[in-house]
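Take a look at the structure below.
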């Protein structure tokens, strides 16, 4: 192996740059050349790349976002597009490609692996933490901390006004962010898309809390649970007291990565290069039960990572 | 003067606790007793208070919110309610009352001053910074920093995706937060309620930026400028590229106060007690041109604090 | 089991309060009464305790330090003291005791377990992360992030002045903090007590960096590696350029716990109560390879947690 | 005026980059060309410069340090060196020079103004805030907040251990940082170089605090007050209880500038360009009593900015 490529796809996640830095520097130490394709699959298809060297990735460890930029690329669902990308890889003699992104990205990577001889390694980087076979994705820890810091601030106002707040966080289909942020921020109620929310249960919890003297509270809801504005209204009508909604926006996806997101990025980047040097491909790297491991692209794409329902039960006990 | 009261009203602001601490400890040093009325005007009307001592305000300097809690109190617009409050003050022999809040609160304080012999001093504490005659209110600096930190994070994603973001901040009628956060976060466009936003101007700026190679950008908008979701759509249609909206929520009102918000709280609290000891009332304390000063409740309530249009012009130049 | 106790010993760590909250609320849900002994072993020996209820541990999740306070207690090395503590436990009919602390604390807990019928469970909480049999202690992640944030700031000055900085972090005998903070902050050199530092190696690295165009740099050193001031001088003399020393102090031990430290605290607190309810004792709870597990007090105290030398090697590659 | 230069000298301060950005973009809007000299006076003497454009200063608003780098330059005290710099300015037809730095830098600027026809404007940027005639220097607010955040964390440990901490902050000759950080962090004792510290007063305060039930405490000391390690020992011996020392290091000088430091940088940069366009020089720009103003280099260098002793007295009352 002499030359490898890197591409960052889908939504950005804090720590993507740390992963790029790790790949480039480990590759350099192993005498590999590295090229970065820009703007995700789009740049790969268009053969837009630049060489990456240990110096060109200096000073990016602590930066959010991705220096390679990223973009959504719906046309990559078509075989024609995937073949274009495969040709670019072949043309540039890219023997290994590290694809940094989330679930959707890995589906594209799997398609690409079927059209190309280039070995493909996926590095899981998404704030959603929804990659099967991987304990924790790069960026998840940062996003959780951003949310928790925000809820800590909202709680000041909640307590001062003895008021209920609904905090909506990202997660269109999965509740990992809502659950982990919810338990660590001490949210009174956690709503995730995986579990149907029953209004009577929420009312019951709020009533019990009120009887215990808890006059303020935080309900954290993944965006996938539905209309949070409507939820706020419904609770207002039922409890006869004001409910405020705060939608935590794109700041969740940005910011300087936490130490943990940087550490995962370093470990995952290192492992990716190591696999390529061992002529292995079509795998996703990641911690499994705390140990560096791999899972096949195919298996990870085919399965859904389960939400830890025990953690949800614990969160409810801790919020009593 | 032997006994004074404190009440926090309206929306909470970071540094209200620092102000309470300052009043209590300065008052104690001058042999005054201090009572804190709870939940704003509501608690004053209901005679719900507790004694505050140097020890009972220990450890609150760095806390957001207000330990006295606060509440909206629409009924305080009625003379009957104001008289009830006046009676409570008289009953408790409260000779001086420090009212901590914003514009709306001071209108109530002015009404109260007309029904009561108690000397009333206002301490401006609101993230809106819209109190006439006062350079800066307690909490404003904290809220600005919270917004700027958030925009710094959003910018990571904006650059990575080469995308435009609209960031909506608080400010139903005034643009102080949007303007100061906008210039310090380097927003490409700043929209404030004081100035009618013309779509063609926005389009022109975005077009010029695009030609300069600025492919991402931040538009900061005070909530008072109107429907930001509609604005996002309109820009999307015109520019043919995605625009995202992030509404910065109640975290703006919370959080540990910055050093500056704590400093203002300390200075304002001290000045308030000093005025009462000099038998002065019906004034709002505050920095004016950088110096501790006062303005009459009446004048401050009657006038509107002007927005610094020069600063807005400078912001536009700096965002080129 | 009807009644359990909690005690926090040794140096404080961010997340101790989150652990106390978790224990109390889980215990309450299982109908256990909880008493908190104050100031570590000292308070246990002196029978100074207070009941802890779900409400009395409200609002502490996000606070650094420990509401039970802590203190060094050299006299607990003597059997007489340990017996006194055992008697207090017996007197109060404390059937289970959760001991929150680090290595030194667990040695005391082991001694106590030999003199008392009370079941003892250890919860590892120390920024040093040096407890054998436990992936990560409560507080470690917070301390690492505090250090990394600080180094990110120091790097601004290092780059602006093209200067070398030595950053000393805690760790009298172990290098976990220095290593993890070093790799995630991108330190050019990492010095840990476990590995003898050879000056010629440092000089060699600095020389190579200089030739690569890296004119500034960060050397992170655990306090246990020895005289960092002398090290700074030695490097100054050898490189003929200024070297600055920054000793990161007690802020490492404080601050609001990160989401991860809070999560571990919640998991460990829950597991501790569960073990006691199953009449198990003399164990330390903790993640092992990412899964909740236990290790006997005896084994953990007898063995030394190994430092991950592979991580150190990776750090050196990443800093090229 | 067609061409101006910028140079950053002395210690770096957060917001220097924001000032560079403001100068460049305002100058561009007024059709001025801008050159940046690198590494302070050294680069000016050596004629090492680069053109600065609105695009080349993009993305630096939020960065600590200075992209022009800085260096100490003792040889600039000699007339020969100053003349070299003057010749470089003349050679490059630099009609106006903006010098960003602190007191020492302005002494050099004053010398330079006497040897050169180039108009010189000083922008005060130093965490020390010790420039006469200027309310607040760029970077001061950021450094104060960094210290306060750190002390907030140290207080967790102080309270948990009921222990006294001495926190040493920067300030070799002046106590602005110690005083403002001290009052806003609620330090029990504030020691500044301007006022001789008497041990009996410290002992008295600590004794009184202890009697009030304050068992922990923070003493903040500017480095200029002398041997803080010795101070810690002396207090330990007198109070018979442990005292810890935390020296807050170079992180004080780095980090992303606060909104206020960015705002001052924007205002000062704008004003500097405006003055040059009006053919004015040999002045320092800055807020005076809250309003943009100027002071002559000569006067500012000749006088010493007074420390606000009233603020120190208030701090002592607030810490009761």
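Note that the chains take the letters A, B, C and D in the order they are written out, and that residue 1 is the start of every chain.
The criterion applied here is as follows: contacts are C-beta pairs under 8 Å (C-beta built on N, C-alpha and C of every residue); 3 or more make two chains touch, one makes a residue touch a chain.
Keep in mind it's a predicted model, so treat the numbers as computed, not measured.
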{"item": "Chain whose mean Cα position lies farthest from chain B", "value": "C"}
{"item": "Where chain B and chain C are represented by their mean Cα positions, the distance between them in whole Å", "value": "40"}
{"item": "Centre distance in Å when chain A and chain C are each reduced to the mean of their C-alpha atoms", "value": "28"}
{"item": "Sequence positions of chain D contacting 2 or more other chains", "value": "152, 159"}
{"item": "Touching pairs among all chains present in the structure", "value": "A-B, A-C, B-D, C-D"}
{"item": "Residues of chain D defined as touching chain C within the complex", "value": "8, 11-12, 14, 16, 39, 63-66, 69-71, 146, 150, 152-157, 159-162, 165, 167, 244-251, 253-255"}
{"item": "Chain B residues touching chain D - in the complex, by the definition given at the top", "value": "21-22, 25-26, 28-29, 54-55, 58-59, 61-62, 135, 141, 144-145, 148, 152, 159, 180-181, 183-186, 212-214, 256, 258-260, 262-263, 266-267, 270, 287-291, 314, 317-318, 320"}
